[in-house]
Amino acid sequence: MKIEGKKRIWSEYQKEIPDDKYFYVRSCIRQSFFPASEVYFLKIMREVLHRDIYENKHHTTCSGIGYHSDVVPFETAMTVVARQFALMTEAGYENYAASCITSFGLYSEIIETWKKFPDVLQKVRDNLYKATGRTFEPPKHLAHASDIIYKVRNEIAARARYRLVNRYTGAPLRVVEHIGCHYAKMFPSKGVGGAEYPYVLTGMVEAWGGEVVDYPERRHCCGFGFRQYFIQANRGYSAANTRKKFESMEPFRPDMIITNCPGCPYFLDRWQYVIAETEGKTYGDNGYGIPVFTYEEVAGLVLGYDPWDLGLQVHQVSVEPLLDKIGIPYDPTRKYAGKDQKDLSHPESPSVLKV
Amino acid sequence: MVNFGFTINKSTRIDYDQASKDVSRYVIAHEPSALLCIGCGCCTATCSAGQFTPFNLRRIQLQVHRGELARLEQETEKCMLCGKCQMVCPRGVNTRHLVMTIHKAMTLYNRGELKDL
Amino acid sequence: MDTSSQRHVVVIGAGIAGMEASAQLQGLGYAVTLLEEQPQTGGNLLTWDRLFPFKRPASEVLGELRSRLGGIHVLTSRRILNIEKLNAQFILTVNDGTVLTADAVLVATGFKPFDAYRKEEYGYGIYDNVFTSVDIERMFREERRILTRSGEVPRRVGFIHCVGSRDEKAGNRYCSKVCCVTAVKQASELKEMYPDCEVFCFYMDLRMFDRHYEQMYLDAQTRYGVTFVRGRLSEAAETIDKRIAIKVEDTLVGKPMKMTVDMLVLMVGMEGRTTQLYNSPTLGLSVGKDRFLNAVDEYTDNNLSRTEGVFLAGTCTGPKHIPEVLADAGAAALRIHRYLCQKA
Amino acid sequence: MFRERFSYAPFVWPFVIGLIFFLCFFVAAIVRVFKELPQSDKIKFGKSLFTKQTLVSIKEIFMECLLHRRIFQRDPLLGFMHMSIAFGWFMIIVLGHIEVKLYCPNHLNLPYFPIFFRYFVKQTDSTLGGAIFFFLMDFFLLMVLIGIGIAIYKRINSRIVGMRRTTRLKIYDWLALYSLWSIFPLRLLAESFTSSISGGSFLTRGFGLLFDSFVSNSVHVVPTWWAYSTALGVFFIAMPFSRYMHILTEPFLILLRNAGIRTVRHGQGYALTETFACSRCGICLDPCQMVLPGRMDKKATVYFISNLRYNHMETAREMAEMCMQCGRCVAACPVGIDSCRLKLSVKTDNQMGQGDTYLQYLNPASDALPAEIQPVVRQMPEKPDVVYFAGCMSHLTPAIPRAMQTLFKAAGIRYRYLDENGSVCCGRPLMLAGQEEAARQLIAKNTELIVKSGAQTLVTSCPICYRVFTEEYKLPIRVVHHTVFIRDLIAAGKLSTEPVQERVTYHDPCDLGRGSGIYEAPREILKDMAVLQRAYEEKDQALCCGGSLGSNLMPYETRRKIAADAFNRLTFRNPDVLVTACPLCKKTFQDVADRPVLDIAQYVATHLRAQKADAAPVEETPYRAAV
């Protein structure tokens, strides 16, 4: 591997990420599955790094899931998105930050469409106005939340309490970065580092002391694939894609996986359990899985937040071996304790995957 | 084992690294003109059996070389050996014998008797 | 020879076309100055080891072409800074301060190999064992051996045709013509060197367009045992042992295929060399969308530019193989001759 | 005057041992062959004994085994060589026994006695009877000696007997050959040395006197008889392992063959007899096109049979797979060995799949085929006169079926083109590849389709199909190749042709000529139309075009070489057109031809005389334009 070659490509895919003043929209999936990630994004940005991130409780889904499952037409999706932009315009913001990768992809697609076909934009404006009486301007800058963390990665590194380093060996942790398909595959220029060798997560990992693993199937989809997952009979296809990725990364013995997409951490994490239970195969050390994190979770760990506050107990694959490796303290008794130490009850242990 | 209501799909792509090359080696050793194929499809287009079945010599012989061996023995049993393909092959491949050789190799392979050459 | 009455032609670019045209023009009685940016004459021929179809050493061909340059004013390591036209004469200012006057100018600026970095998904310049056809020729020429980056004899090598050719995404819609034959040649040479090495050529169409080439293909299949797979490489990735995992569809089987190779060789195509010269208002060159130069008429006046006194020869007007370049250079010389005779 | 000198001498032992060994071997072999014959063949053989057939067989044995008629036909000198050795030797044996019976009627006739008669019995040659016997014995001895002389010379220069090459021999062959060569010169020596005691005629007496003038004859009597006996003994012992086994096998083979018995499986019964009946004379070498121009000298039939005999099955199999099955060697074989059938029986060992999996789609239960073919059957006129089967290969030579349709229309024949939309193969290619079981499925399917047509005549354009239709199909209707069909139409006045001012040579396709015996029909058509020029090799000597489906292994370059060579030889007299009657021959020759190659149907259709107005022929493309 020649890093100069990658640097040359990264240099060609730099995008402008505003430093401050964002209108932030949440992700349908993430706020259900990893609610702490979005909470900690806001917490870090506002409380640690003192940025202005505005959130409006009236925003809706972007309808991307429906769009990619072929149930929402593009025209409808555009109008829904236009309403979000109207909320932003009303709040006086020009920079739009999306928590969800699919939203980010859809916003990119819509903004590019409007640029190429101004009459479509006009029609959307008319439709929105007719329906809601709102007017809007498309954002000046569109960023994915991971773009913003990438932008401030060094500030986080400067405040870090832990680094992505094996405390026993001093070696950097081997990290697999997995980028959501809708981040840059549709518009390589909209992603940091492009689509082939995306840099957005790599930049974070490098800044926080880890080492990125480049494995053959790094480009491959996590397996979510919307339609493939939603129908039970098709889930074998979804899981097969995940397995392909794990088979490919296995020889590199990664310590962890970092993701920037709502579906990816969920499927990379849960399918490890399904693969273990159906085929008896596990990919981590000693029968464990490979822990999968959102970038906010990793940022939170690096900054020293409590793992259980970051929501790591909702992961299927246990994070404790990794926390031990980094040297992050945790209280095992608090793992399944809810608010006010209320016992949330323990999940049943899988028969194959070690937890 | 938990029943999730589905099983994990097996890959259908050719994994050349894992694929068996034994049949390919046997076929090339016994009918060297197999190497001459350029995949033009003349044989398949003129095939008497191809009129009634999906018999496709062009694809079969490539599958041999890629180690895609499932059902190849039965596939070759569709050939009537009429020899038209041999007459039209622009590269002079001994197609009739190629079919017979593939069949032989597959029979041996399926019986586990195909010795490494 | 009486130089004062002699007409003067400046040939820009001392590749095959430039050298051949210069020699022909000199033979016709003209004073010729041959300008070359590089320190040596030879152009792309300098980078090649052996040439298809008979694997003749490039150095031999180069030697032969150079031997015809006697009496020609060859200026290497020179760049043209400025070109003006005064009456019917061109006045060329060269970077060493020399000023040349010319009755006619022949543009023979040739091609440059496609920059394989631009096919990001193939990982050239990123993965250790991805090479270009130019790299392979250099290894043949300088090292006489083809080895992986870690110095091992490769056991499996994949040649990828059409890298930077026939590819909208790479910005080149055209076929570079010579890469297929070159791949067949290099694959055969590799098999000759390492008979036990598995060699694959991944092609879209095999364009064996000229005499002897089909025979090369046949030999590659039978004598050398090169395997040809119809399918274009979609992506390459590095495995843990620094080999290259590639994904193609074997379109004739109708299935995607995964394969690991020790070396991946990208058959880079030809690209027009868009130099400063192309923007010179004096030369008034017409550059096509494909970055090759347009002649006045692609059928009947292939060597004529749109500017009187400015002529074109060689691969600056499109991909060509050596015999075509030589014929084109000869034809350009005759067109210049006709032009100068008519003017006299 | 006659007096028995001895009735035993020690030198008889080499001969006696050799003879006993040989006879045991021979009897065991015959028993084995009989045991291996299928039951039906045993019955056939039993029924053939003591019938008129037996007389025919005896005549054939006399003509072929002793006089070597077929070899005579091929080359008189070669025939003479074989005849003089076989017939001469036979007569010496017969006369020897007559002598014994005549002069020692009461003698216990041990087998060695007639052989060494001259040593045992003193006889005078001055009586008439004695003189005649002595003369006859010397005469036949001379005959054999001349034959041996030619045989020795043949080894040095085979061309004098019309053979370009002879076979390479095995060690037992050499042993038997040298002993055979020495038997009769030694007999001559022994009898010459003994002639002053026991008498002799022009040869023995003459040599006896000659020898006596410089050596002492009496000293050499016993050693030369020893040598003679030893030569005989060695010959008999080497015989079962050598090619000379053919001497006694051939008559037996003739008996079996004339009883209608044929090869079923190699290495057994009739096939085994054929294997032993091969004298490895090498006459099959020259006709074999694999040898020349194919340059595969070792692939000739003689070596195939030899490999079979010595059980080198892998080599034999490869040779069988290489052979084109043209039958030129069969036509040339003086012993009448059907090596094509032998080779097929070897190929049959490798059956592709089981009967029920191979060509499963032809199974009536599978609807894949009927969907394609049934419409054709349904469209048939109520009762066509003729059902036409062009054959797979004819689809690559569309001029042939097109011409046939022209002819059908011109002759006003109601026909149905059975395989117009492609066909189920006739099955012969599978048979040629040894795939009997699979071929049966095709045969069943085609039979069903043909019978369903309701026609009374099946016309085919392909000799390959024709042969299997006649040999393997049990069709209840007349089967005819288009050559015969056209000939009959012309003879019946339903078609008439215009005279053509050009020279034509006809090429006999293997399966039509040698395979089916149709030589005259095409010639009758052609000689009435144009100037028919004979090919140098024609009829049962005709060449193979090289396209044959008989060979599984033959590479394309060799086929092309054979085709080019055959074409050059066929056009030796520079005809304007080469006419043949097989789509495969036509297509194969076309690739190497410098002049038009036409099917006979095409030739007739092109030169049809316009007849009835209502039967306007389809316009034929002028074949000149095609070249």
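Chains here go by letter, A, B, C and D, matching the order in which they are written, and residues are numbered from 1 within each.
Everything below uses one rule, namely that a residue touches a chain if its C-beta (ideal position, glycine included) is under 8 Å from a C-beta of that chain, and two chains touch if they have at least 3 such contacts.
Everything quoted here is computed from the prediction, not taken from an experiment.
Engineer: With centres defined from CA atoms, tell me which chain sits nearest the overall protein centre.
Structural biologist: Central chain is B.
Engineer: With chain centres taken as the means of their Cα atoms, state the distance from chain A to chain D in Å.
Structural biologist: So the centroids are 84 Å from each other.
Engineer: Could you work out how far the Cα centre of chain B sits from that of chain D, in whole Å?
Structural biologist: Their C-alpha centroids are separated by 38 Å.
Engineer: With chain centres taken as the means of their Cα atoms, state the distance from chain A to chain B in Å.
Structural biologist: 46
Engineer: Pull out every residue in chain C that's touching 2 or more other chains.
Structural biologist: none
Engineer: According to the definition of touch, which chains form touching pairs?
Structural biologist: A-B, A-C, B-C, B-D
Engineer: For a test of understanding, state which residues of chain D touch chain B in their complex under the given definition.
Structural biologist: Touch residues, chain D against chain B: 321, 350, 352-353, 357-361, 368-369, 372, 392-393, 395-396, 421-425, 427, 429-430, 433, 435, 438, 442, 547, 549, 552-557, 584, 587-588.
Engineer: Which chain B residues qualify as touching chain D in the complex?
Structural biologist: So the residues of chain B in touch with chain D come to 33, 46, 48-49, 51-53, 73-74, 76-78, 80-84, 87-89, 92-94, 96-97, 100, 103-104, 107.
Engineer: Using the touch rule from the top, collect the residues of chain B that touch chain C in their complex.
Structural biologist: Chain B reaches chain C through residues 12-17, 32, 35-36, 38-39, 58-59, 62-63, 65-66, 68, 91.
Engineer: Write out the stretch or stretches of chain B touching chain A in their complex.
Structural biologist: Residues 1-2, 4-11 of chain B touch chain A in their complex.
Engineer: Which part of chain A faces chain C closely enough to touch in the complex?
Structural biologist: Answer in residue numbers: 1-2, 4-6, 8-9, 194, 196-197, 214-219, 251-252.
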